[in-house]
Amino acid sequence: MGNRTIIPFGPQHPVLPEPIHLDLVLDDETVVEAIPSIGYIHRGLEKLVEKKDYLQYTYVAERICGICSFMHGMGYCMSVESIMGVEIPERAAFLRTMWAELSRLQSHFLWMGLLADAFGFESLFMHAWRVRERILDIFEQTTGGRVIFSVCDIGGVRKDANAQALDKILSVMDTLEAETKELTQVFLNDSSVKHRTCGLGMLSGQDAIALGAVGPMARASGVDLDMRKLGYAAYGKLSFEPVVETAGDCYARTAVRIREIFQSIDLIRQCVRLMPEGDVIVKVKGNPDGEYFTRLEQPRGEVIYYSKANGTKFLDRVRVRTPTFANIPALLETLKGCTLADVPVLILTIDPCISCTER
Amino acid sequence: MAQQIINTILPDALLAQTQQLKNDGYRLAAISCTSKDDLELTYSFDKDYDLMSLRLHVTPDDAVESISGIYAFAFLYENEIRELFGAKIINISLDFNDNLYKTTVKTPFGVKKKEANDGE
Amino acid sequence: MNFIKKSPWILHYDGSSCNGCDIEVLACLTPLYDVERFGVINTGNPKHADILLITGSVNEQNIPVVKQLYEQMAEPRVVVAVGICAATGGIFSECYNVVGGADKVLPVDVYVPGCAARPEAVIDGVMRALAILEEKQKTARCKKGTQEGAGV
Amino acid sequence: MSILSITKTLFKSMFHGPYTSAYPLQKKVFFDKTRGSVKINISDCIFCGICQRRCPTGAITVEKEDRAWRIERLRCIQCSYCTEVCPKKCLAMDGQYSSPSQGSIKDEYKDARVSGDQADH
């Protein structure tokens, strides 16, 4: 029987850019229990629907999170469009899909870098972020923003990508693929990396379902759950299969995300190839009335947008259930039994996004 | 497109219905709450990309039994709803005692007493 | 780079921002922008830091954390508010749980506009902060000099 | 299982030269669409105030009597919503971001035209 100690982890922690606080109950070096205490980023922006009308709220929705900003904007717009029965132009659907996949790419690269930083592989961190800048350049060229695009609007998208930009995307995808292959070799094969990730934080498929895990966290445990299969935007017209691994440890979660990078590159190529001509936005008239649940797949997993409208300019309620929120119970479960030094790596393999979680 | 069904039920039937859904292999996707004249709780479940929702209307004084006994991870949703909306959810497995977000305003989303409160 | 005289170490704290500015601050440290060429190092320890970068509109729960971090930093210290949220609260200024701007809590020296603030803007802001840091150092030295002079 | 698997990448970047942009020494070239700051062509502005009403953060103030258009740079989130709703299209997005400051930046643009000029439009 060792000594029981409680170690506070966070909110300001060198490894994590975001404030999260965990009380880790330790038995010597082993974590027995983890109690989260969140709320450092809670802004209460769901309440803003009462002050901003449904068109302005798009900009609030985009600022729920700066990493998957585009998907938040898209999810919100999709839910309002569904309520109003707006059919967006096909080109807009394809552009949305393309930007969504590019967002997934940059988010996965960002995560790869942070994971490398967490296990102390500084040069790998730098390389992952160097490659990521190529995607940010595409964003800036096509949308005008590096992080927050402000490009989704109710009824379509506000900016079009010309043929020149699409060609550039294809060429960047080629260099990106080559560079990613090199980098991911390190994540998947290097013995020092495997030493840190293999067998750590096991989550069985049954547990993943029982704890409500979503996204790569669930898929790494063999649960085939990918909201893109719902066929929203242009996903119905693209061919892809959800990436599933079965081991359920940190290594499997890394592998899922890495295979998703290649999948996203493929999806972007398909999008560019199939991109139809035409308008990108339709005019929206009137006010929404009704309610709708929109579900889409973010880099971190399934997000649920629930909007309820009452026929006025102001919505009654917008509720966002973000993927990290669903993954926290699974994280707390996997933390049990690991050593204190492994905690940062474990937290990072769920790819936490605290500002999504707390809104 | 997968379908969305919303079933309005009575608060007493919640636990039985939830258990039924769990037995059928549904996964709890989200618990949402909307406040208007009363609190409208929506429990959404997912199975094979179909969304199935249970809806109940309660007042802030009505006790609602927690479903964290059936779906353990519901505790986060329930703590959130209790803290932000003031719904009286009882018997949550891991209880934060309204200290999850530690907001300065108590139950910011709660049922409004009078509309005049908002305009100041 | 002769206009840099001191290697400033920065401490970054996310006071309830949307992550947008945070990843741009982090992007400053990575190869494309690489602020380490100016001697800037991102440190996790407030006692090592000269410049505090705050992102986000600072919510109620963050006030003690931010204050504590600031007090732990050694004099002279400079606070840079990165992004619109840290400057005025931005789009979240009407939210119930934010105080709306880092200057409600701490004396902010430099404001970096942008939503999200571009890495170039963050670099500009750190440069600005450096000039202020030097000035503060000078005044601190002068003060000390006069105090010692008065003591004799 | 392998060790030193990053060596190839490291060697490559050693011969590649720096990836870093020489930012303060070299000026940043922005893309056409880059959203940096709002600029106004004040001589076209009719002071209708639509931009003020649509701005999600309330950064813009328009005064019809003074014929003045003001923007608080530290409130602007560069969403470019104002440039879209402007009926005269006199607002545009400039690539250059507004520079860091030590206090609030309030830019004011005043129209010098006499009201007789306005009637010509």
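Remarks
The letters A, B, C and D name the chains in turn, as written, and every chain counts its residues from 1.
Keep in mind that, in the parts below, contacts are C-beta pairs under 8 Å (C-beta built on N, C-alpha and C of every residue); 3 or more make two chains touch, one makes a residue touch a chain.
This one's a predicted model, so the numbers in the text were calculated from it and none came from an experiment.
The chain occupying the central position, as judged from C-alpha centroids, is A.
The chain pair sharing the most C-beta contacts is A-C.
Centroids of subunit B and subunit D (each the mean of its C-alpha atoms) stand 42 Å apart.
Averaging Cα coordinates per chain places subunit B and subunit C 41 Å apart.
Centroids of subunit C and subunit D (each the mean of its C-alpha atoms) stand 23 Å apart. One simple way to say how far apart two chains are is to compare their mean CA positions; for subunit A and subunit D this gives 28 Å. Multi-chain contact residues, meaning those touching two or more other chains, occur in subunit B at positions 101-103, 108. In subunit C, the positions touching at least two other chains are 31-32, 61, 90-91, 96-97, 115, 118.
Residue numbers of subunit D whose C-beta contacts span two or more other chains: 19, 56, 77-79.
Residues 12-24, 26-27, 30-32, 43-46, 56-57, 59, 61-62, 65, 69, 90-92, 94-98, 115-116, 118 of subunit C are the ones touching subunit A in the complex. Every residue of subunit A that touches subunit C in the complex is listed here, in rising order: 11-14, 17-19, 39-45, 47-48, 51, 59-60, 63-67, 69, 110, 113, 125-127, 129-130, 133, 136, 145-148, 353, 355. The part of subunit A that touches subunit D in the complex is made up of residues 52, 56, 59-60, 63, 123-124, 127, 130, 140-145, 150, 158-159, 182-183, 185-186, 189-192, 194. Residues 1-6, 8-10, 12-13, 19, 30-31, 33-35, 54, 56, 77-81, 84, 93 of subunit D are the ones touching subunit A in the complex. In the complex of the two chains, the subunit B residues touching subunit A come out as 1-2, 4, 27-30, 32-34, 36, 42, 44, 49, 51, 53, 71-73, 75-76, 99-103, 108-109, 118.
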